[in-house]
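Across the two complexes that follow, subunit A remains constant while its partner is subunit B and subsequently subunit C.
Entry: the complex of A and B
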């Protein structure tokens, strides 16, 4: 199964590589949404910034594809991070390797939401992403009120070969858990 | 502007080895940070933040052999914005920053300094800090300088009145 308990209140779901950290990244941005309110517009502005910054680190023939893929991925992840952050800072960091880009985002989640959220994530990564995406699209089609979530991540897995992993770290003090989301995007 | 009352807007951190891979990173980064801090929707100040950061980043780019991490921290108190850049230096780049700010300190007038350095540029030597002199002369921006020998960093701090 894709879930492992690391002890000390730490749980990992999916493909989470602990050697990639915020401090070892090539660009790290820390936001303070509890102190300086961010509009939704900021998600796409950030996504476009990272896309333009990192696309040009790769050969020119890949720029066009990378611009749209990175922008899509960062927008998807950053929107989720802002939506579910309950308090404190939010971090977004990117590391560029010759064959892949590694994205790491952190936020604080309410303890009471961890179980549902981790079940949702496990469900997303434990099945074929294309099949699951089609299932969810059909669910949405059959029931317009359906809010089947995860379509963005499934599309990134199915269409772009992205892999995802999450680390949940119990904060012990407050009733919150730090969620670290890692996405790895292969560069062909 | 007291540090304790400042509200953080963004704390950014860049690996210089990757940053200096492409000149466009200066423009992209200054534009992005300027858009983020545009909380008053004042286009003039967005352009100002972008211009100042771009000039600083281009100076950093000029010394592209320096390794380490650049940090840019932007805070505000009411309408005032404070931008703090911490820049890793080697002996050569530290001397450059020191000489630049010695010139700024000695200058009786920012415009005089800018035009004098511009004229020297026509004669064959263009000071890499010309962009900094320009924003100081054109926008009345004040930049303070500090050097931390222990960490081999310089800091440039800019205060903007966003009224």
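Entry: the complex of A and C
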């Protein structure tokens, strides 16, 4: 189990590399969904933007693969932002390295949601992602009332080899926690 | 209804050849928004239970909710004991290269053909 308490109200789950920050990124976008509502279709528009922007940082023979993969990853991250309870601004930053792309998504979560969310994430990183994904699909099938798939991060880990880490930082001035999600996508 | 067409995607049933075609980009919001597509696919199965065939080659994008719908459909085939299912995918569509083979884990009898 990869969970560490960093002190000062900071907890890390999974593979979170603190040297990558919003300020060290190639591109950073900031959104204010609590002020200007984001809609579902904007997720794919943003995803396609990031995909087009970063695919051409790599050799041409990789473009088609990268356009699809980056778009899938960013779309899933943004869909999660819209689906789950988010309050306050959202930042997305991307850094391109020769062998990988690093995505850092920062958003605010209500304190009351943190325990369930962090348990879910710990479960996610503590098992084989393919096995967990298979179990999740069987579970979704058995539960006719289920509406969310829960497959986004799992499929990225199982099918794309992406790794994830999260940093939770307590905000002192509000009943919220800042959640930083780091996704690292290996470039084939 | 044997076809659903929007600016982003086109799902249609070729009755002569008993094949459901999926084309375009499907990034809908959860099971609810996929319901009309699920209904179309289910209706075809009810009409022609002997063989289910899908052609996904022109489905360029699918989000995880859509992948969940595909996998669950395969599980429903397994539950009904209908093992004759063929899926045609494309090696040139990256998400299909990554994810389609997982369907065989749910229903090993699936005939999965990946074309260039």
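Please note the rule applied: the second predicted complex is superposed on the first by the 179 of 188 C-alpha atoms of A that agree within 3 Å, B and C clash if a C-alpha of one lies under 4 Å from a C-alpha of the other, contacts with A are read in each partner's own complex, and residues count from 1 in each chain.
By definition in this document, a contact is a pair of C-beta atoms (placed from the backbone, for glycine too) under 8 Å apart; a residue touches a chain by one contact, two chains touch by 3 or more.
In this text, all values refer to a predicted model and were calculated from it rather than measured experimentally.
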#### Entry: Side-by-side fit of subunit B and subunit C on subunit A, or clash
fit
### Query
Touching A:32, do we find subunit B (first), subunit C (second), both, or neither?
first
### Query
Does subunit B (first) or subunit C (second) touch A:42, or do both, or does neither?
first
### Task
Have a look at where A:120 lands relative to subunit B and subunit C in the superposition and call it first, second, both or neither.
neither
### Query
Where does A:138 make contact in the superposed view: on subunit B (first), on subunit C (second), on both, or on neither?
second
### First (subunit B), second (subunit C), both or neither touched by A:75
second
### Query
So which one touches more of the residues on subunit A, subunit B or subunit C?
C
### Query
Angle at subunit A, subunit B to subunit C, CA centres, as a multiple of 10°?
100
#### Entry: Touched partner set for A:96, first subunit B, second subunit C, both or neither
first
### Message
To be precise, I mean the smallest distance between any C-alpha of subunit B and any C-alpha of subunit C in the superposed model; what is it in Å?
### Response
17
### Task
State the interface residues of subunit C toward subunit A in the complex, per the touch definition above.
25, 27-32, 60-61, 63-65, 67-68, 71-72, 75-76, 92-95, 98-99, 102, 105-106
### Task
Enumerate the contact residues on subunit B facing subunit A in the complex.
7-15, 18, 21-22, 24-25, 28-29, 31-32, 35-36, 39, 76
### Summary
In the complex, subunit A touches subunit B at residues 25-32, 35-36, 42, 45-46, 49, 52-53, 56-57, 96
### Query
Can you list the residues on subunit A that touch subunit C in the complex?
40, 43-44, 64-65, 67-69, 71-72, 75-76, 79, 83, 130, 133-134, 137-138, 140-141, 146-149, 151-152, 155, 158-160
